[in-house]
Amino acid sequence: MMVLMNREATEEMIQAVIERLRSSGRDVKRHESRLRTCLEAAVQGDELNEKEFLSMDGVVDVIKQSSPFKLVACKAGQEKTIVDVDGVRIGGEEVIIMAGPCSVESKEQIDHLAKMVAANGAKLLRGGAFKPRTSPYSFQGLGEKGLRILRDAADAHGLKVISELMSIGQIEMLQEYAHIIQIGTRNMANYDLLKSLAKIKTPVLLKRGMGATISEWLLAAEYLLAGGNPNVILCERGIRTFDSAKDMILDLSAIPIVGRMSHLPIIADPSHGTGFRQYVTPMSRAAIAAGADGLLVEVHHQPEKALSDGPQALLLDQFTNMMSQCRKIAEAIGRFIAEPNEKE
Amino acid sequence: MMVLMNREATEEMIQAVIERLRSSGRDVKRHESRLRTCLEAAVQGDELNEKEFLSMDGVVDVIKQSSPFKLVACKAGQEKTIVDVDGVRIGGEEVIIMAGPCSVESKEQIDHLAKMVAANGAKLLRGGAFKPRTSPYSFQGLGEKGLRILRDAADAHGLKVISELMSIGQIEMLQEYAHIIQIGTRNMANYDLLKSLAKIKTPVLLKRGMGATISEWLLAAEYLLAGGNPNVILCERGIRTFDSAKDMILDLSAIPIVGRMSHLPIIADPSHGTGFRQYVTPMSRAAIAAGADGLLVEVHHQPEKALSDGPQALLLDQFTNMMSQCRKIAEAIGRFIAEPNEKE
Amino acid sequence: MMVLMNREATEEMIQAVIERLRSSGRDVKRHESRLRTCLEAAVQGDELNEKEFLSMDGVVDVIKQSSPFKLVACKAGQEKTIVDVDGVRIGGEEVIIMAGPCSVESKEQIDHLAKMVAANGAKLLRGGAFKPRTSPYSFQGLGEKGLRILRDAADAHGLKVISELMSIGQIEMLQEYAHIIQIGTRNMANYDLLKSLAKIKTPVLLKRGMGATISEWLLAAEYLLAGGNPNVILCERGIRTFDSAKDMILDLSAIPIVGRMSHLPIIADPSHGTGFRQYVTPMSRAAIAAGADGLLVEVHHQPEKALSDGPQALLLDQFTNMMSQCRKIAEAIGRFIAEPNEKE
Amino acid sequence: MMVLMNREATEEMIQAVIERLRSSGRDVKRHESRLRTCLEAAVQGDELNEKEFLSMDGVVDVIKQSSPFKLVACKAGQEKTIVDVDGVRIGGEEVIIMAGPCSVESKEQIDHLAKMVAANGAKLLRGGAFKPRTSPYSFQGLGEKGLRILRDAADAHGLKVISELMSIGQIEMLQEYAHIIQIGTRNMANYDLLKSLAKIKTPVLLKRGMGATISEWLLAAEYLLAGGNPNVILCERGIRTFDSAKDMILDLSAIPIVGRMSHLPIIADPSHGTGFRQYVTPMSRAAIAAGADGLLVEVHHQPEKALSDGPQALLLDQFTNMMSQCRKIAEAIGRFIAEPNEKE
């Protein structure tokens, strides 16, 4: 940490800063120039609070030397992390598609969708059994019954399962049924939940908070890594914007930015990120072109009857078409999406 | 709910909408005009999904007749709710000040601050024992020991205690020490936590999510009321903005807007809402002038040594001065703040 | 326009609304239902103000029947507009690349870049001669001298010219040198300027205001079309966001949204939209994958010496590489980018 | 300017930065520490581009020593500027109220409102003769005729006139009729217009762009001061936010922030800042409590017939009531608003 003090700073002010820096137990170096006094100490990350120095007399700026991202950040020469989900590798050359309905509604629905999703080359089946609904009066999910339906259908079609978890008490149950545990946008900064998930090894898909900066999101991932769970997949799903015509704005620039800042894989959710099915296919193509390692997409065979988020779910033939277009985009950038499975 | 269909809608499209509306078990009325077909059913709140209709062929708009806010909304003739916190009434004529440090750091710190806070007319002592820190490496709070320090100091000076809760497992402990349980901005949409707090009667201060709309915030409060806890106080604490010079923008317009939409009391947190102590006093005055029922303010006797959020805490004499200015503002709008307590 | 009134509305309130609707000279139809009175008049666009009715007693909602977008909106069966820029067709199957430096700095710079830009398949040469700089002390551009340098270099290499205009007084000069007149983000809502440009036929590239909604942007284009200039190209260039790590967020979802709302061609500016060259190539690929009709890209042979916006300009070999990648993406979606020109 | 380079920077990288710094004609000092090489040159404001250095190899940060705000910034010991508007002093102890309709619609309307506005203690009459309407089909104002109506009514009641200007060609006309020329939110960054207004001495009220940061706004004011017009009044009028329930969010924290950064007076526009009259009074009180030097408020005797922005205009008795409440708030912070004028 370097603390820069202006030329009007008195010796007393300078000594106050030196003393405070020394409270970290580190030596302080002092550089003098015509315009500044620069005080430097080899302080680690959050040992000392940057803002605190900014409030001291005579201080004009503070330079932090070390990133707050200890484990999520790319180290020199470090390879990109590939998260292995029971054989499905996320973060490698293959672009992984996760698809299914917003909510698990019935066995018939899931069986039908699982077959179709697998036939098109997707590798994971998505579906919510616990739903974080903005209104307490909205459909709240089928719970464990829904998870069992999801897992049975996935097993029958060679798919893995991703499903959302809402509280610490559900961890054990989710581990039993899901190959990836999803943390939704509303729980991204639920740090007690993250600490609990850090103690297991099941892969976690961490969605970005809709009002969260990229830094805050990476620090939420840091909670997982620091606590012992290295299997983290990031998911951009749209952030708040001032344009009320849109629910959200899918921040595709987060993909290359995270790609430079972190070794973790990152995927996109164009369904929640756009809110309307007519925009899902172009934004899916764009996400892959921007470098996403996968997609999380909603599909439904009867979206007008869906118990949640119907208007953003792709219809079956739209999904097939989207997969075909995305396959070409993946190839254009030297990656691939699994071919349709004729047997299904 | 009224579904408006355009003049190009075929009879088939219209029948599809009628059928879907009927699935709610209600009668459907049909109005024809030169420009529109208007279909109407007495559907309640979330029985049917507005967006679903928007995705049907021929539909141009949907009018919802009933608000999603059943319990938080003002009913005709309904009086404003006053939350009684062990004798301190929030939402009445008196503007209630809650003050103290960001984190509980030591017994000496809290004793010193409690005495000073009480002497200036504040009614509640604030202080965090569990801290939701963006980085896993930041100071995470003293836990139960901190709560005991806080309660002892509050009792000694005739104050009530407000402190933040982070997970379901802490509810029992918080109930023992705190008169108001605070839900922080990161947990506003942690619905499982809200459902648990709805089962107790301890007053809850619900901070607005930093990326939450006013509607989403009121629906989070609806979770508490619908579950059985009527003692909810709202707290505006700053929302995301594009101006990077500021951490947040304190949305004071939320105060009169919530005042019209809901009967619940609302207070402001000018410390987190501005991020710097130099703006706390003018924004405290402004919050009260806008109609806030109280303030949640950080104060510290040695902010340069604070383990969290030092730069936004008022110094002791700044706090005294702020209280004196706010007292005059409260009087200018026909309310009052308790007089300084000479005995302290 | 339909005005919906609640069941508590008195006959007097209803008559007040009817009278106001009649002031437009149109007949008013009245529909009654159990829950609402619905008043309807065939009012055009802005003849009456929606908000005005919302402020009248008893009114709960107003439905506008006609879009404010008369000329920019897609009519049924209408084909997409192709803007012909002296033989370069924007909005067709070909994805058009416009490239060059942020500012025209010298003849040597422009000659060098024009040759390279043409050799890689770009069709227009960009470069600012009048610069809208946030600070009055920043480099403000070479003026007419810069335009002449730009045009001479473009002519020598078979390119067309796009350059920014800042005030009404510059229109004649820009028409002489530029094939497309660019309106920057800060002037999107400078309506007097738009009205003047509506009187000429030179194609106008209208950048989105950094704080403008898509509706406001389309209405700014409506000023041009309504005034008589049909040759309008829209350009998404990044909007304000709360994440201070980024200057802007390039809103790629605007591409499919505008594609459904309007027949006008739309391109993207990934240079201003990201602010850093390392993100320009992935976001260029993504923009084309999302359906953009072209790109406006900054390139510089010595960005570290650029008088403006150096860090976002691609280096020469990065530009060649970007063009090659984008060519593959265009092909993946059934479009194309002109091949590199070996002769250059 | 200080350029900080990391410990991996090679001597070649360091020399490249030194050379570039020297291109400003200044000496470069070099500080070495265990963690950094720090290069320093006494570069002024925008002589060199900060971002350019950030793009050079080995550079980790750049510290700018001088503010870009040369004339708008507070100098040590500098007093706050008071803008004298033909005897009405803005920025002093008196809080100045400017009121009137959004648009000038008729002589009767303005005469009626001028009388009422003056009677309540306001000092300026507002009213638009040229209107920047988002849609080209909306009412565009009465032009010079409107200005004459406004001035005549103002003169008759001892008021000064404030009115909006939209293009360079209107400057002379505005100077003839208006005591303050208003620059609206859409023209804040219309730099050619600002440069022209900098050449006259008529006071300018510069509204904040709805998507502009505080820094960008102060730099727009810098264009006026740098060009020779010291009579600048800033006006906060609401900025973009993600909450679609509101048109805008009135950023009252801008008042104390600008108060610390600049010597210029600052007022608030609670009418555009809230969009609905029911929020105008509480936000007016709050603006004054936060330290605003004045208000710009819309009032109308028949808002339901207003040709623009009717729902945000106060009714006459609401205005009287607002003035009375604001007067008490001004007194509570040691300022004052002129008493109602019995003679009117």
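Order of writing sets the chain letters: A, B, C and D. Residues in each chain are counted from 1.
Just so we're on the same page, a contact is a pair of C-beta atoms (placed from the backbone, for glycine too) under 8 Å apart; a residue touches a chain by one contact, two chains touch by 3 or more.
Here the structure is a predicted model, which means the values were calculated and not measured.
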item: Chain labels contacting chain C and also chain D; value: A, B
item: Furthest chain, CA centroid comparison against chain A; value: D
item: Distance from chain C to chain A - Cα centre to Cα centre, in angstrom; value: 31
item: Centre distance in Å when chain B and chain C are each reduced to the mean of their C-alpha atoms; value: 39
item: Junction residues of chain D, two or more chains touched; value: 211, 239-242, 244
item: Chain A contact footprint on chain B (complex, rising order); value: 20, 45-46, 49, 51-52, 54-56, 68, 70, 132-138, 166-169, 186-187, 189-193, 209-212, 216, 219, 222-223, 226-227, 239-240, 242, 276-277, 303-312
item: Interface residues, chain D side, partner chain A - complex; value: 2, 4, 29, 31, 33-36, 38, 40, 42, 61, 63, 65, 211, 240-242, 244
item: Of chain B, residues touching chain D in the complex; value: 211, 213-215, 239-246, 249-253, 255-257, 259-260, 273-274, 278-279, 282-283, 285-291, 325, 328-329, 331-333
